[in-house]
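For clarity, chains are labelled A, B, C, D, E and F in written order, and residue numbers in each chain start from 1.
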Amino acid sequence: MKDIGILKQALPYIRQFREKTFVVKLGGELLALKECLDNLAHDISLLYQLNIRVVIIHGGGPQLSSVAKMLGIESRKVDGRRITDDKMLWVAKMVFAGVSTDILAALRQHGTPGIGLSGVDGDLVEALRRPPRRIFNRETGEEQEVDFMNVGDVDAVNPRILQVLLENRFVPVVASLGGDAGGQVLNINADTIAAEIAAALPAEKLFLLSNVCGVLRDVNDPASKISYLTTESGARLADSHGVSGGMLPKLTAAIRAVEAGVRRAHIIDGLQENALLQEVFTVKGLGTMVLRPEDEKAYLEQG
Amino acid sequence: MKDIGILKQALPYIRQFREKTFVVKLGGELLALKECLDNLAHDISLLYQLNIRVVIIHGGGPQLSSVAKMLGIESRKVDGRRITDDKMLWVAKMVFAGVSTDILAALRQHGTPGIGLSGVDGDLVEALRRPPRRIFNRETGEEQEVDFMNVGDVDAVNPRILQVLLENRFVPVVASLGGDAGGQVLNINADTIAAEIAAALPAEKLFLLSNVCGVLRDVNDPASKISYLTTESGARLADSHGVSGGMLPKLTAAIRAVEAGVRRAHIIDGLQENALLQEVFTVKGLGTMVLRPEDEKAYLEQG
Amino acid sequence: MKDIGILKQALPYIRQFREKTFVVKLGGELLALKECLDNLAHDISLLYQLNIRVVIIHGGGPQLSSVAKMLGIESRKVDGRRITDDKMLWVAKMVFAGVSTDILAALRQHGTPGIGLSGVDGDLVEALRRPPRRIFNRETGEEQEVDFMNVGDVDAVNPRILQVLLENRFVPVVASLGGDAGGQVLNINADTIAAEIAAALPAEKLFLLSNVCGVLRDVNDPASKISYLTTESGARLADSHGVSGGMLPKLTAAIRAVEAGVRRAHIIDGLQENALLQEVFTVKGLGTMVLRPEDEKAYLEQG
Amino acid sequence: MKDIGILKQALPYIRQFREKTFVVKLGGELLALKECLDNLAHDISLLYQLNIRVVIIHGGGPQLSSVAKMLGIESRKVDGRRITDDKMLWVAKMVFAGVSTDILAALRQHGTPGIGLSGVDGDLVEALRRPPRRIFNRETGEEQEVDFMNVGDVDAVNPRILQVLLENRFVPVVASLGGDAGGQVLNINADTIAAEIAAALPAEKLFLLSNVCGVLRDVNDPASKISYLTTESGARLADSHGVSGGMLPKLTAAIRAVEAGVRRAHIIDGLQENALLQEVFTVKGLGTMVLRPEDEKAYLEQG
Amino acid sequence: MKDIGILKQALPYIRQFREKTFVVKLGGELLALKECLDNLAHDISLLYQLNIRVVIIHGGGPQLSSVAKMLGIESRKVDGRRITDDKMLWVAKMVFAGVSTDILAALRQHGTPGIGLSGVDGDLVEALRRPPRRIFNRETGEEQEVDFMNVGDVDAVNPRILQVLLENRFVPVVASLGGDAGGQVLNINADTIAAEIAAALPAEKLFLLSNVCGVLRDVNDPASKISYLTTESGARLADSHGVSGGMLPKLTAAIRAVEAGVRRAHIIDGLQENALLQEVFTVKGLGTMVLRPEDEKAYLEQG
Amino acid sequence: MKDIGILKQALPYIRQFREKTFVVKLGGELLALKECLDNLAHDISLLYQLNIRVVIIHGGGPQLSSVAKMLGIESRKVDGRRITDDKMLWVAKMVFAGVSTDILAALRQHGTPGIGLSGVDGDLVEALRRPPRRIFNRETGEEQEVDFMNVGDVDAVNPRILQVLLENRFVPVVASLGGDAGGQVLNINADTIAAEIAAALPAEKLFLLSNVCGVLRDVNDPASKISYLTTESGARLADSHGVSGGMLPKLTAAIRAVEAGVRRAHIIDGLQENALLQEVFTVKGLGTMVLRPEDEKAYLEQG
């Protein structure tokens, strides 16, 4: 290590985030790339060693689609949310856990002891099956009646198992499944589950990492990235259909988390090297940040 | 509940096993039957409420074979141990975790908070990849060189994650995978992993539940069941090829556990109703018990 | 144990009452019968092993009368409450503790570690000497001035010694004496002391076990037993002189406890086999239950 | 308080005995005198406030004899040890506990929270019934076959209940009864039980307080008091029949305790004012001290 | 120790103050006298052994003046408060710590483990530099503009380091310095710092020990000592210029502490033998006590 | 912070030293330079935030000489160790504590809560006064009888106060004084005290920072710096008079610490920027390292 003095610049951030909790949602598309997974595991291991309590949430959409296809099971999504019939649920339970195992192995390379969970473990996520309903499909531009089947909405989060693991210095790795009162396993959107877990702990920060670089004003122009939104301006943007279909659940989740007590939520591009560290250890990060309206002034002055 | 007085007969056993640890290995063939799984979850929930610390280990052989077949991947076994190439490992990681999720959901029905793990979580099982070797194949009666590929042997067990969970009154549900020092996930025989975990804790009892009723003198005659073996008589029996191919790893695991400090190991038929409770709450159970030579006399006098 | 499956029916109750506290008052007339005492000790030991925190309160009226008679000391009661002069107090201190020792020995037979206390130990019960007063004597039907002498009313309960013992898994066995600020030992009605201790802890349930089967509408007709009363209907019944002299303090104590936070109070016949277990592990028990008015509806629907 | 400076002289002793345990056996003859009991309770309360952990053991011989006589039950002793038939045991259980209650009330006057126990509580004293045997009767000078009946010898002490109480700053007050494995309550010599409890804790000091001023060379001459004995010189004295019948069990108990790890045992006259404080806070006390042979030299130099 | 019984008179006070916190401010003039320091260390060690939690605050005015003079640095005070330029601060940091070391050595003689601190340690005292201001100089009778320079006023007290030390049975010895947010060390009046620390803990008692015997009505007449003041009558006295220049900060500090939650503050003469013990262990002490108006009645009745 | 990725290179070192204890001795000559002190406080604050437990030991030789001179007190040293008469001791107590206060203020700038101690606090260092003795004076080349007066040698270290502070996340800052049994404060060589404290904890590493860059083969040639010594080769070098007078106590201290259980001792130049971090976070540091002979091989292979 040549320029050791650079370490000292991180000191104020290390102090600021000590013993704070970060919830990091890793999109399935990132995990499919071995180098990207390794890089994220390295970043997270550093946060872990700096006494930040990290909870990882992951989905596994691309993996699920691919395995389902291999098994001859058809995938169907409406408005970015997958319809999960019994066969697809059976595949999802398997695939998501397989993804967990990959994350655990990558963390282990850096000496970080992860523990794979899903929302079914220790009653972590109590969910309600989503009733069929008419929704506006942004892709088709029409309303339609949709039964998502084994898809759940979060009813309650029991964070005790996370607290036990965090206090014992394990890193929980949570797959986005939940269970209803009758023991039925349900598939839940990973951004949503990340937001609800962040709200329940509560976390200091929520990171939503995917393969897009943030909220864009013009979905075709990366230069139109919005560097921050308050919960209020974010909600207005979402209501005005100004956000693309894939980004909408992320933005909604980010707003929900900040409204529920998380200090800042970050939507960032996990493919960019050191993206996570950049958001933590610098004043201005790379993606779109959602913060409380009352924090906007202080944030602008800082920059 | 009519005859409430019967509860009182269980009192001495409840006292005896209070705060003791039981490791229960559930064979994949039992878990494939919904009613059987529910029944076992009910039994285990009762033990849990009676302050017995339960660790569940499971495999998922039949499920793995079936999913592999659906994916067009060929399964191959030698001497009851599966050859696990990269594709099969990829399937195994998924299938085993899917099985875990089913067990967690069944436990949840009885209010028991399970936590799904594999040997990769929290460095629970450190494994070594098994080198290719010449083994005697009981099925063909010939020696052959076998490379089991991604199959591991247990090198060390780090029970801390189990202890943290047990002390916080969770029930760990462990899938039979381990990791080597280089981060490679390895498939491990579930009976072996159960024995090694039982030895590392150490447990009071190890239960190996499958669809056979115990060690038989004549594999075709259920009436030839051996009710108990000492580690010594058990080892002689194994050496003399007096045990069938499927039973050999179970018997070896039972002997290993007892030699390493577990008080008693039980090989029992999980399909029989209340089989687990029968072994815990009565003097003479249903299957084959392995015990230390020095405990034989006391056991016989008790009967 | 033949029908082991029956154990599983108790599972929901075991979960419901785990770590809850039960205060059990044993009437002196029950303790005088060796078989009855053994049976109760067996029941209580089972509750203890099922993680229920049990506090036993006992009187020793019949024993006190009998020893006093042997010592040539005259016993006198008004309205079911004993007049305790100095000689009688001296006998009471001895007799009650002798009764404690018998209970401890019976518990010990089942491996349950009891600790004998009276309200004087660890300042458990602070009492006030009852001033002479005019009371209506239900037996004579007339008012009369009565000085109960060394009889006390509970002023305050300091439950710390009970909490220390319960947390260390001992079963406190409390004789119904208290002390006033000046160090004077006072005799206190055991039903009252049980109710006040149950209120101070607070307990989940209060059991008042005697040799009568509950509150009767017609004292001469066991079939007129009332299966439940709310604190309101119970109070109306007591005010209307509809309860016999011996039952009145029990009913009053049960109402007091429920009003002070105990969920349910049960007046039951301790001579009936398994009476205590019947109340705990079945929907409808054997005696008279007192509950809050707001719980009545749920109770009726359950039955 | 006039001469407050005198407090400062106690400082070295307060430091020396901080958090140490003292076992104080109070003879029944002292407790019969109200003023003496009050005085001892005052002394013990001071030790308690100075962070000394005090365990009180008491008998109740005179009280037992007197109540037995009132009940028309004959008392019989051989060699200073009472023959305890079933009736006498029944009386003893009552009387000893009555004595406990008196001690608790006296302590309470000085704000000291005592807890009354007997050896039956929490399995404190496991005893064995003493078999009939030929003993030399010092009073008659002849050997005789004696069945002491419900009299026990200490088999084991389980000090957990004492430790729980001491750690929670209660003062245990222990009556000299024990229980055998079959649940039979047994009467045990209070000096013996004090010595065994002191040995099991272990205590720093054992005090045996009675109405005699120590070991006398000539039983009729108070001036012949021996100020100290080593365990060796004490044993020689006992073997040579140089000690009176009443003193023998005390001396034996003192020697036993010191041999088992207690640093010093003191046989003192509890009737003398401040006797206990004198032994604790001055170099040379009032009674007879038993110490280890290897401590003799240091003790003599100190004087 | 002759009259051991006298110890028993202290019992009620020992009980009353057990585990309470006393803040004791020792004036520099007392510490300059070796015998006086030894005597105070003896008194404090006794309080310490009686489970009183003692925090010592000290100044070092005379020592500072003397060393400054030796170093050729001029001392200047206004209204009893020193003007502290950079040179004087440099000397103060050294001299105060030297005084701490002397106190620690004296405590150590009595086995009491002191820990020397200043308000700079562990952020104990956050101070603000006092801005130049016009003050009325009681000595000259005129207003004047004064810049006290490196003199601070207490802004906040962070008592965590004191609590950690007290819980681990150390005696903190605090020199009267603080630090401002910019890391500047500031000199703070020791009476003030003692009052603020007493208020922050909060303490049961604050003792201000100096070489004067209390608040005098006539500064030249020791017989005019006021035995007690309420915070109200004390404030009136201070406002009416009825208190001498040296006494004013002490009286103000005492009033401030009692208003902030300390039960009683005592201004006493530390030169008088056993002065501290006299205040603790007797109803009427030697100096001037400040108490709350609502406590006045009870205090007068007690005397 | 530009190149954030560099942080990740520190990960293995952060893991390696987590919760380990480093003892850092800061020479007085470094502390006299404000910028150097600030730089060291920054480095130490980073170690502190990375969960390394840091104990700072400091002398204050140059400061002591300078203040003594101002006070007209003559300084005298033999063989690098100061002769400390009563006046000099009086100055040392003051000066060393003044130095502590400067270090605390510098740490506070980086949010690190230091606590200033000397070996007198909490009986940390028990010392023996050094008797007059004939020593070989390396400067004069002759033997001479020297009475160092109030100079002590470490007799025992009681690390409890350090452990209490470290567990509560304070950074102890220890001035090099100790006390003897009679309460006499003694001046102790800071290198020695650092080595003994490192040995008593025990520490993972001991750093001796001064204004020289390590052990030189030729005292006039910085290029002759020895990069490492084993305890054995170091001892041979010291015995052969191959080390200069100022370096000898440092080398001796480093060898002593490693022999007593410290893993590595480092003699480094504190004036060089980031010197401390360089030694911690790189394979090869800047100064001279002392290690155990059995670690030499592994160290060389690593390089």
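Note that a residue touches a chain if its C-beta (ideal position, glycine included) is under 8 Å from a C-beta of that chain, and two chains touch if they have at least 3 such contacts.
Keep in mind that what you see is a predicted model, and the values were worked out from it rather than measured.
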| item | value |
| --- | --- |
| Set of chains adjacent to chain A and to chain C | B |
| Contact-richer chain pair (by C-beta pairs counted) among E-F and B-C | E-F |
| Rotation angle (°) superposing Cα atoms of chain A on chain E, nearest 5 | 120 |
| Relative to chain F, chain with the most remote C-alpha centre | C |
| Gap in Å, rounded to a whole number, between the CA centres of chain F and chain D | 57 |
| Inter-chain centre distance, chain A versus chain F - centres from mean C-alpha coordinates, in Å | 48 |
| Chain A, residues touching no fewer than two other chains | none |
| Graph class of chain-chain contacts, one of line, ring, star, complete, other | ring |
| Circular arrangement of chains, read from chain A onward through chain F | A, F, E, D, C, B |
| Touch list for chain A against partner chain B, complex | 67, 70-72, 90, 93-98, 100-102, 104-106, 108-109, 113-118, 120-123, 160-161, 164-165, 168, 170, 177, 179, 183-185 |
| Residues on chain A engaged by chain F in the complex (per definition of touch) | 1, 3-11, 14-15, 18, 42-43, 45-46, 49-51, 110-111, 273-274, 277-278, 281-282 |
